[in-house]
Structures are given as structure tokens and as C-alpha cells.
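First chain written, first letter: the chains are A, B, C, D and E, and each begins at residue 1.
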Amino acid sequence: MLGIKRSLLVSIWFMFLTFPLLVIRVNTVENTVDWRFMNMLYVGVGSFFLSFVWRYLMERRARGGGRSGGQGAGSVMQRVLGEKRIFYPIAAVVALAALSFPLFSDAYQTNVMISTLLYVMLGLGLNIVVGLAGLLDLGYVAFYAVGAYAYALLNQHFGLGFWTVLPLGGLLGAVCGVLLGFPVLRLRGDYLAIVTLGFGEIIRLVLENWGDFTHGPSGIANIPRPGLFGMDLSIHDAAIYIYYIVFGMVLVTIFVVNRLKNSRIGRAWLALKEDEIACQAMGIDKAKTKLTAFALGSTWAGFAGVIFAAKTTFINPACFTFLESALILSIVVLGGMGSITGVIVGALVIVVLPESLRDFPQFRMLLFGAILVLMMIFRPQGFISTERKKYEYHGAADETPAEGE
Amino acid sequence: MLVGVNADRVISATFVIGSALAAVGGVLIASHIGQINFYIGFIAGIKAFTAAVLGGIGSIPGAMLGGLILGWTESFATGYVSSDYEDVFAFALLVVILIFRPSGILGKAPTQKV
Amino acid sequence: MAAVLELNKVCMDFGGLRALDEVSLRVEPSQIVALIGPNGAGKTTLFNCVTGIYDPTSGDVLLNAPGGESRRVNGLKPNKVTELGMARTFQNIRLFPSMTVLENVMVGCHCRMHASILGAVVKGPGARAEERRVVDFSYELLRLVGLTRWVNEISSNLPYGAQRRLEIARAMATEPYLVLLDEPAAGMNPQETDDLKELIVRIRDTWSKSILLIEHDMSLVMGISDRIYVMEYGRLIAEGSPKEVSENPAVIKAYLGEDLDA
Amino acid sequence: MDYFLELFFGGLTRGSIYALIALGYTMVYGIIELINFAHGEIYMIGAFTGLIVAGVLSSLGWPILSILLLASICAMIWSASYGYTIEKIAYKPLRGAPRLSPLISAIGMSIFLQNYVMLAQTSDFLPFPKLIPSLPFLEGGEGVVSTSELVIIVVTALVMGGLSLFIKYTKLGKAMRATAQNRKMACW
Amino acid sequence: MLELVGINTFYGAIQALRDVSMKVDRGEIITLIGANGAGKTTTLMSICGVVPPRSGDILFEGESLKGVSPDKIVSRGVSQAPEGRLIFPDLTVMENLDMGAYLRRDKQGVQEDFDYVFELFPILHQRRRQPGGTLSGGEQQMLAISRALMARPRLLLLDEPSLGLAPLIIRQIFSIIEKINKENTTTIFLVEQNANQALKIAHRGYVMENGSISLSGSSSELLANEDVKKAYLGM
């Protein structure tokens, strides 16, 4: 009874809230007003029922609260991933499926998969910065742009090929990462976020306005696709070729990130994220550690940028808006910060799901925003929370007898 | 708690007041410029945030000062340099200020408790 | 023999407030030195000045490696100080909560490791051996503090007393010659405190480290300290052996609680 | 000199608006250390509400000054309601969560609101009626400063003055300052 | 007046209080002593609803405080001067006191309490226009106590009022605490590490160890108790 009363209040509140924007539409030129009372009804009914769901979820959350991640809905997934005997075959099957994917699909599907894989790369790169080192970077797309423009411009002016520029793009990304990282090292978490966001916007605005150099808003067209021993590839074949390039790059990325994660440097990143003061007290150089994270993260954005330019053959500043950064960030967050598998799942969800929702393109971003909020509230650790490596003791076999306590 | 202030209510009040002020700004500027779009909030928001940080976030006089400094910077940069780079100037100003004064012009440095 | 840690007239001001007023103290090699005093007397501030979190307003903090060079560490960054051979624990436990127990200790080994980014990715024989050495060493330390049961447990899941001991193991992992313990027994029950007492003594005797500790538990302080310094309002009011200190009227008045003129 | 003055007043106008919006950021940050990323959207919603109210009223043929007043008041009411609701939905459940969580939630909210307004209204630019009449005696000022600029500057100054007094002297204002200084004590 | 019935309080998974039961009668000064980290402050936090106990109950004047929000608890007549003198550093002394009276509507009574507080601590009157942060440690403690008094509490909770203060000032503050207790029959719940001082002014005391009550009794009993002497009085 109380619930119904509360939901009624919520429903009235939301009808009031959405009244001007959803119900009235004015045409200021012709001075006419369009009333859409149906919308009000939808909102009223919708919020009435949703408020029950909301309250139920909040209650469940409160009951499960106080206990940190690992428990709850994700635990089955966690156990599957933790168990090597189950995880390796699954990974192998996924890899095989991914390998043979272009053979069974059309150009459009291949292209979607290329995008997905690119986002996996970007996500894994940003994951180093955000997920491992805990530095919120909202301007990640700037490094992506650096890579893409590096290829487009170097190719246009100096005729450099894809394979030459690929490492260069990564290098340029890293250099920009250090350039940005250096001055902002002293900033606290959220300030850092805003400065990186500003930096991303600066790069985009420069690209847009420095017409002589970057061709301004109209962008650069006719960027060559990567060549294969000088062969002429049809568009479809070229797509398949790029697919395998990206696939290879993703494997390399996974390998590298995985190695880093459980190394001296990866542990330093994590420690930095968890407690800066304790981290310094362990003799870890804060500045150096942050810089390596920035540099490595942006290297991958640089790589991905080069591939992106080669894939689309056309780039302009509009490809590198803040929204793109937000998208990559949400891949990391949705997947589960710090988790490699999580990023892959996140990229699939973010790229493939909206593609399959093609009939409702206008709701895509709306849902996307809502999901970000809901994820933070109900499952802040993401789909898959980080699994930590378990170590074995290699030393002498004199295993200690029962410990104290 | 200890002095009986209901924090939830204070926080809500803060949001309400801040939002109402923003709305005044919205109506005034929209009528000044003469057109609006769903995207205006993003850039204006970042600029205003820049202003808040410039002045020292958390400080109310700081926000006013920061806003004016940013407004003048942009206006003079557009007038005397080039209108293309208006936003670049704003963001560059933010980055520079934060590098040299991480807590803004009127902001207080946070004290570290160990 | 030279003292491993030497403070000469260290002052620390916060705004107009003098938190430390000309504090001088010495920690000799393989000694347990305790710093006691009422809450707010400036003990933790002193730790922070020594470990580089604060830069003292005036005075010298000298760190003399046993058989090595002497360094003035004022104003050095905390990580530099740790590298020079001083490690600390914190009053409110500051572990890396989502990392495992072993990883926490391995982070402590960071500054004694050399693996570069490339090394970590390629994982050549050198990097592999180093990694192995660190795992073994960390395990050894966990055995020292009695935590081998929980090696792969997420550290925030440990009981309180175990977290305190893990912090000590983590500090030891930086291979210091001087360990600073900030209220290691806070929140422990008498049994745990006894274990801790024994652990601290073991660290001094078998690992020959020097220890400077802040503690309120008098049974612990009086039982194991070689030397005690007493602070009040940022000033040292007494120093000496446990016996001397416990009989010092100024100390009794300021801290131990016997109000003389009552 | 005129050019300089024109830029000066232009900058002042702009700056006033930035300051008005910045106050929202600063007050929220001061109290809960959150960058309310959706605050720009609140401002946008205010502008839209103002436009809608102005459109409805002008189709009814109301006088322009009353439209300006009512549009502003409605904009304030609805923006404030949105601000209130957003806090309850997207930020309050995240109190005590790691610092990044509310920020990401705020970004999500911002994206949501942008698209909500786009879907509910339009993605095109909408012409906004001139609600501030140009007073003839100022138009002689050789284009240095327009009436609407003056109105903006004056209104902002008044609002800020009012806010300062509010913060300084009212009970709620004092509570806000207290909470900002010491959240742990003033509340939870 | 106040009764704690077997409360258990947790911070996340960590249990801070174990089955704590206590009783405070009207007009008493009760002290809770114990080492750092024993759970004394947590007990206070549980009473004022900041960290509500997971089980057990707290009764104030016979009514349960279960599920009552912290500000409601203040308005029922419980206020606190927190540990470490958490005053508002940028607010003036007057404004700090104003905040103490935040929930009160009776202008007349508030004015009386201003006068009363200034009579207790004349120094605060001299400094009434100064920001709280510029006061000395002892003055800040006085301000914290005064602010708590401005809520006109029937039960006053004091968390380590002697923390970091000089003996002379401690004595001064403790004698004023006694005075407050006698003059307005305000019940006082005093948490102290300085056991000796606290037991001198308190009627009864509880000793806390590791989150549970290990001893209780009248002040003179506790002062004479060998264990207490050893552990807390350093004898």
C-alpha cells in the first residue's frame, strides 16, 4: 500500500518534471504550439512501474551492501574465468570463431567486427590508464586522433605506407601521452579528468581550425588501405585483410597487457590506484609510474588510430569527439576496470548491441547514458571484476606447520 | 549529525540553488544569442567548469572571478587574435592555471591527512 | 657506532601552529626506540617529517646507512626515503585493499627490483628469475609475520590484527634497515599484542633492523623498548630507558596519568 | 577604444553567464566533492524550458516583459527540479563509493539528458525569441554595449549579490558553509 | 536515561563493537575509558546514529533510537562535542554556535543559551567574531563544547575533550564539565583516554577493550582496581 502511494508520487513528480520538454513543442517561427499529452501518459505509467523495480533493486543493493565485489551475480562468471580448465577451451573457441569470422560473413558484418576489435584495442589501452593506474582520462580520443592523422598526413605528404606508420603512430601517441602526462601529474583524480578532457578538445579544435595542415572540418579522404605485397585487393578482401591485422594487434595487446598486469610495473600501477601515500611509502616513484601508464595507454590509441584511418580511408575531426572518449571509457567501466576479458565483453556490448538495435538508433545514446548511471549504482565493478593472480611458493619445501591464530 | 544539520537536505538545496542559477543563465544567454540547441549545455558546462576551477573550485567568489577572467580571455582572444581558436584559448588557460596553481586562484590547497 | 636515524632540532609549523618544536632524537642500530605521548602531541607528524611526507620547517633529519653513507633526507620524496632504507607502517592501516596478501608484499619489493617495461613484456630469464625471487622473498616475509595461510587472499578480507601484521611485512619487503611503526598494536587484543611484541623483537634480533615505534600500549612499550622518548605539545619532555621514563615525574604528570598535585 | 570596450562588455557578458553556471559546479563540489558533469545539461534544460514557456505565452499574445519574467521563473523551477531529481537518482546512491564512480555516473546522466532533450524536442537549432527589448536610448551607444548585454550583467550582479547574502546570513546558507568545511561533522 | 542493550556495530565486515551494554542515569557523569582503537568513538557514533548498530538496541528516555536519523537524534536532546574539536574553521565563533542551535526555533531560548555559554567561557565572547580556525586548541575545545550545548541537550556526549591540551587547560575544561553537569542537570557521557582525569569527575565508569566492555563500576572502584591502574593509569 505504502509502495503504491510512493510510486504514485514518483509518477506525478516525473510527469511534472517532463511536462514542458516532452509535452509541449513550440514553433517559434510560426508561433504555433504542439501539445503531446500521450507522452505524459507514457511517462506517468512508465515511472509508476519502474519505481517499484527501482525500489526493489535499491533494497537488494542495501542488503548486499558492505560486502565488496566478487559475490553476487557475477560469481558464476568469475569462477568460470578463474578455472583454467574451463577458461582456456572457451578462449580457444572464441579465438577460432573470431579467426574464421570473415570467411562466413559479408562486408558489413566484417566491418562491424573490425570496429569492435578496434574498440577492444582502445579499451585495453585505456584500461591501462584508468583500470590499472586509476587515472581517469577523458581525452583518450586525442591520441587516437594523433595516430589517425599521423597516417593520413604522413601518407599524403611523404607517401609513407601503412606498415611504416603503424609503429610511428604508436610512438607519436606515446610522446603525446608523456607531453600531456608531464604537466598534469600533480593534479588530483577529477581535476585530471577535466584537464584531459580539455586536452582532447584542444586537439580536436586544432584539427578543425588548422585548415592548411589538416584540411579542417572537411577532413582527409582517399587514405590508402594497407597493401599486401602490392596486390590489388577488392574492397571486401581489403576489409578481411584489415580484419586480420586488427585481430593480430588485439592478440598482441592482450598479451602485452596481460604480461604487464602481473609484473612489477602492473603492481605499481594498481598500488598507485589504491593508495597513493602507501604506494610512495613503498618506494614507488609516483611520477614515473603515472607517466609510464599514460605513455603505454596512448601508444595503443596511436596504433588504433593508424588502423582506423586505413580502414575508413577518410577521417575528419568529427570522428574524434568527446563522445568517442566517453564510449571507450564506458567499455572499460562496463567490462570491469582492470579486467581484460571484461574489456572484450564491454566492447562487444557497446559496439555490437547498438548495431543490432539499428531500428532504434535514436534511443541508442539515451540508453547508453542510462546504462552508465545504472551500472555505477548497481554493479560498479562491471560485468567482470578483476581477478588477481594467485602465486605459488617455489622455495624450499619446509612448509610451515599450522600458523598462529 | 553532531550539530543536527541534515546533510541530505543541504545537498539537495545546493543542487536546487545551483540549478536555478544555471537556468537564469540559460534563459538570458539564449535570448541574447537568439538560438538554442540540445548540445549547448556541453560546451557551456565545460567552460563554466573551467571558470569554477580557475577561481578555485569550492569557492563562491572564486567562481565569479573565474567566470569573468574566462569571459574576458575569450572575448579579447577572439577580438584580437582569431575567432577560430576561442575554445582552444579557454582550455589552454585551464590547463596552464591548473599546472601552476592546482587549486585555482582563490582555492585552498587540500590538506593531506596521513 | 653511528645512529641510523638522527633528528637535530626538527621543527614543523602548520600555518601558525608549531606541531614539532626542536625535536632531537637518535635511533641506534638494532635498537627498538619508542615514542610515546598523549594524542595530538606530534608523534605522527614526526613520522611524516622523517619519511618525507612533510618537509620539516627547520632542523635536520639524518639517515645513516649502517656502514654506508650519511644522508640528510629533509624534503626528499617519500619514495626516495624508502629507497634509502627506511620503511613505515601507518596509524590507520593503508594496505592496497583489492590486491592479494602476497601482492601487497610484492609491491613492497618494487624499489629493489629492476624489471623494465620491455623486460616485463618479454619476460626473459632475468625477469623471470627476479619475479621468482620476489615471490619467494615475499613468502618468507609472510611466514615471518605468520600470514602464510592467507597468501592469495584479498587483503581487505583479512582480520584486523592480520592486516596490521601484513603492513609490517610489506614494510619489511622494501629491505629497510630502519622500520617505523605507527601504533602497531592499536585495536589488537592482548593475545595479538603479545604476538606482535614477539614479532618486533624478532625483527630486531634475527633481521637486525632498527625500529622506531609509536605506541600507546604501555605493556608493549615498556616490555620491548631499548629507549623511550616522551613527547608533549610537539616537544620532547623526557628520554631514557623504560625504567627511567616510567619514574620520571614529568612523564607521569603529562601522560601516565598520576596527577601529582591532586 | 570602442572596439576594446565592445570586447570588454562582450567578455563581461559571457563571463557573467559562465560565472552563473560555475556557481552550480562550485557549490556542489564544495559540499560533496563531485564534478556534476550534468550541470551543463541543467543549464540547457533551463534554456529550453524558457523557450517553451515563451513560445506558449507569445502564442497567447502576452506582453514581452511578463513573458521574460515567467519564462525565467519557469526555467528556474524546472531546472531546479531536474537538479534535485538527478542528485537523488544518480549521485545519492553513490555516496561513499570510489571517487570515479559518481563522475562516470554524471557523464552518463549528461549523455542521457542531452539525448532526452534531443528526442523530446529537436536536434536542430531553434530560434529563441528576443525577450529582452532593445531600449532606444542605448542604441545610440555606437554598438559598444547592447541592452541585453546590460541586462545580463545587471541581473547576474544582482543574483550573485543575493546569493552571497544568502550564504552569509541565512541558516541554510550557514549550514551549507559548515557542511562544505566539515562534512563528516555536519552530517554523517 | 540512556541504555545500550547488547549492541553490535560493524564497519563493513569489521566488527567494532561486540555486545556492548551500558546504562546512563539522569544527571550522571559517566565515563568510558579505553585504549586507542578500543571502540570508544564507535560507541558514540552508534548512539548518535551515524554508524547504527547492526543488532541490539539503544534506548533514549525509554524510546528506541533504532532507525532514527542523526539529526532527529539531536533534536531529541542528544548532542556531541566530537573528538579532535571538529569545529568549523572558517565560520566565526558566533556562526559556529549558531550551527549548534540549528534545529531550534525558540529565539528566546537560543539567546539565553548564548548568554549562558559566554558566561561559562568568557574568552569565547571576546573572540566571537573570529573564525574558529584562529582559536587556540583549548579555545577550540571550549567552542566545541559550547556548540554542543547550544542544542540544549539533555545528554551531552564528549569525545576526548582533553586531547592534545595542556594539563592546566584540561583541568579548567573538566571543572566546567562538572559545572555544566551540576547547574543544568545535563547528563554527560564522557569518552576519555586520560582515565585518571576522567574518573575524577565521573560518577561511574566503563572500561572498553577490543570493542566490548571489560569492566564497570563506580569511579572510586575503578581507580582502585589493579588492572585499571596498570593498563590505563600507568602505575
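Rule of thumb we're sticking to: contacts are C-beta pairs under 8 Å (C-beta built on N, C-alpha and C of every residue); 3 or more make two chains touch, one makes a residue touch a chain.
Since we're looking at a predicted model, the values are computed, not measured.
Annotation of subunit B and subunit D: jointly contacted by A, E, touch as defined at the top. A count of C-beta contacts for the chain pairs D-E and A-B puts A-B on top. Centre-to-centre spacing of subunit C and subunit E amounts to 33 Å, using the average Cα coordinate of each chain. Averaged C-alpha coordinates give centres for subunit B and subunit C that are 44 Å from one another. For the pair subunit B and subunit E, the distance between mean C-alpha positions equals 41 Å. Under the contact definition stated at the top, the residues of subunit A that touch 2 or more other chains are 68, 194, 277. Among the residues of subunit C, those touching two or more other chains are numbered 53, 90. Residue positions of subunit B touching 2 or more other chains, listed in rising order: 1-3, 5-6, 42, 46, 49-50, 112, 114.
Remark: subunit A residues 13, 16-18, 20-22, 24-29, 31-33, 39, 58, 61, 130, 134, 136, 138, 189-190, 193-194, 323, 326, 329-330, 333, 362-363, 365-366, 368-373, 375-377, 380 touch subunit D in the complex.
Residues of subunit A that touch subunit C in their complex: 68-70, 255-256, 259-260, 263-268, 270-271, 274-275, 277-286, 292, 296, 386, 388-395, 400, 403-405.
Touching subunit E in their complex are the following residues of subunit C: 38-41, 157, 160, 183, 186-189, 216-219, 233, 246, 252-259, 262. By the touch criterion given at the top, residues 42, 46, 49-50, 53, 84-85, 87-88, 91-92, 94-95, 98-99, 102, 110, 112, 114 of subunit B touch subunit A in their complex.
Looking at the complex, you find that subunit E touches subunit C at residues 13-14, 35-38, 84, 137, 160, 162-167, 193-197, 200, 209-210, 230-235.
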